[in-house]
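In the two assemblies presented below, chain A is common to both, partnered first by chain B and then by chain C.
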Partner chain A sequence: MLSIGQLVDMQWKLGMAVSSDTCRSLNSPHVSLLLKIADTSGQISQRSFEMTIAQFQNFYRQFKEMAAVLETV
Partner chain B sequence: MSTHYHEWEKAPSKDAVRQLCADSFPSGAPESWRLAESTAGTLSVSAIEAKELIAALHTLSHHILFHNLTAPEQILVLFPKSFHPSLKNLITKIMLEHSPPWRNEALSNQISLPHLVEMDWRVDMKTASDSVSRMAVPTCLVHMKVEDSSCLRGSGALSSVTVELSKETLDTMLDGLGRIRDQLSVVAGK
Partner chain C sequence: MSSHAKVAVGASKDSSFLGGRIPSEIEIMAKQLKDLDQEMFRKILKAVVSAIEGKDCREAMKAIAENAALPEERLSYVVAGMYRLLKEALRIPTSSLKQEVFKEDLRELRIPEEFITDFASVVFGNRRTALEAVATQQGPRLPSLKDFRWRVDVAISTSSLARALQPSILMQMKLSDGKAHRFEVPVSKFQELRYNVALILKEMNDLEKRSVLKIQD
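The block that comes next holds the complex of A and B.
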């Protein structure tokens, strides 16, 4: 049986990449998330990842859909 | 830009020039003997001359990308004065055409935290457990696939994470995501 942790915290950061070795002027926003997950023994692990703005909009929409479903259940 | 452009006088079709500009762009192109040899064949020059050409085109395309040059005049001045005029115009035109996809590629290849690649979810109803014989507690299960940070970027290796969220957790999370969305509108307005 797959172990499924409980989401206990979410931290976020909205960053703007200013410049890089390939592009002097980037102006590229991105969202970073850090999820804290507690397993059944209470041990906390964390996962962090990044999303483009388009990916974030999609991510947000999916969570809103989840909430909408929860309302009807 | 190097002066070794005499080999261009033998340059074949526009398509070959276009292909060469595209092939010279990726990192590693200037180092590739395989590319130099196939280019040497196409242009009827030596492999060494082809390698120099590829390196020059690579430098040119990356210079254009770095400085985000968008006007032909900005690029035309980069060529040596003695450079063949119509070839110069052709290369400039090709470089400008490729700029948007090259820029997008650079944006998506930036140094970053691992990217979220896939996400799916399910709403479950908990009806019983070892401690409670009857209940009706809705819960969300979210499964995410994230690029594996311990593996090389672009290797395609993914790691999975599955989490459960109570309604309360979900509401708090939505609150946080809503704030990101608000901040994004502020940033977009600037």
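The block that comes next holds the complex of A and C.
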């Protein structure tokens, strides 16, 4: 059987990157996601990633599409 | 006869800078240098020094090997011997091994005089500091920090708190073995980190004055 993880938890954060080593005044909002995935043995691994607002809007749109398709199934 | 002369001059030495037993690759190289022409010797020496500096010398070695005048086996003996000789000489600080002693030791090995001069110019010439700098980077070491980046973030809202309003610091370190570590540093831990960095700086400053850095042979 093809093993693929199962999403068991998702957490998010809306943050503002204020400054960095390369930019004193960054002021960049972003969304961070933390996904917890359980493999077939029950072992949980974590994946986190960041999205800019534009990337997040695209992400949101994809989920809206997924939800719409699920309605039809 | 030559050791008698050395005693007369006032310098008494039992062994060469290479130790009591001359490494075999150096002895073999010494024999191979007998009727090697100086231009070829210098080409090989240049490639070997380049290799010691950590550069890629495959092209140079290929060009030398393709020169039909030198059979591959002989070339490999010369390269191995040169490499070992230079590495051994560069390991000893110039305060301990003087140029004249180095040259004398090479004469004992019956290396032709022009080649001795060429070897000495590598070990005691102006390329010495660069070669020592490369040697400092060698030896058993942990991966080193190659790149360090940081970002200061403020969490506005999370899945757990509608108004989190917490500052935090993101750090990313890239190591020399290719691994990257990305992590968050809470503000309290950052203060600890700052304190320890200042402490380390002070320790390093104090170390400069301590005798362990001043060992003289």
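To be clear about the criterion, the second predicted complex is superposed on the first by the 71 of 73 C-alpha atoms of A that agree within 3 Å, B and C clash if a C-alpha of one lies under 4 Å from a C-alpha of the other, contacts with A are read in each partner's own complex, and residues count from 1 in each chain.
Rule of thumb we're sticking to: a residue touches a chain if its C-beta (ideal position, glycine included) is under 8 Å from a C-beta of that chain, and two chains touch if they have at least 3 such contacts.
Bear in mind that the values here come from a model prediction, so they are computed numbers and not experimental data.
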Combined model on chain A where chain B meets chain C, clash or fit: fit
Which superposed partner A:18 touches (first chain B, second chain C, both, neither): second
First, second, both or neither for A:26, with chain B first and chain C second: both
Partner chain in contact with A:47 - chain B first, chain C second, else both or neither: first
Chain B versus chain C as contact partner of A:5, first or second or both or neither: first
First (chain B), second (chain C), both or neither touched by A:56: first
Centroid geometry (CA): angle chain B/chain A/chain C, rounded to a multiple of 10 degrees: 50
Of chain C and chain B, partner touching more chain A residues: B
First (chain B), second (chain C), both or neither touched by A:69: first
Closest approach of chain C to chain B (Cα atoms, Å): 5
Contact residues common to both interfaces of chain A (with chain B and with chain C): 10, 12, 14, 16-17, 20-22, 26, 29
In the complex with chain C, residue positions of chain A that touch it: 10-22, 26, 29
List of chain C residues in touch with chain A within their complex: 148-160, 164, 167
Residue ranges of chain A touching chain B (in the complex, touch as defined): 2, 4-8, 10, 12, 14, 16-17, 20-26, 28-32, 35, 37, 47-53, 55-56, 59-60, 62-64, 66-67, 69-70, 73
Residue ranges of chain B touching chain A (in the complex, touch as defined): 62, 65-68, 103, 106-116, 119, 121, 123, 125, 138, 140-142, 144, 146-147, 161-167, 169-174, 176-181, 183-184, 187
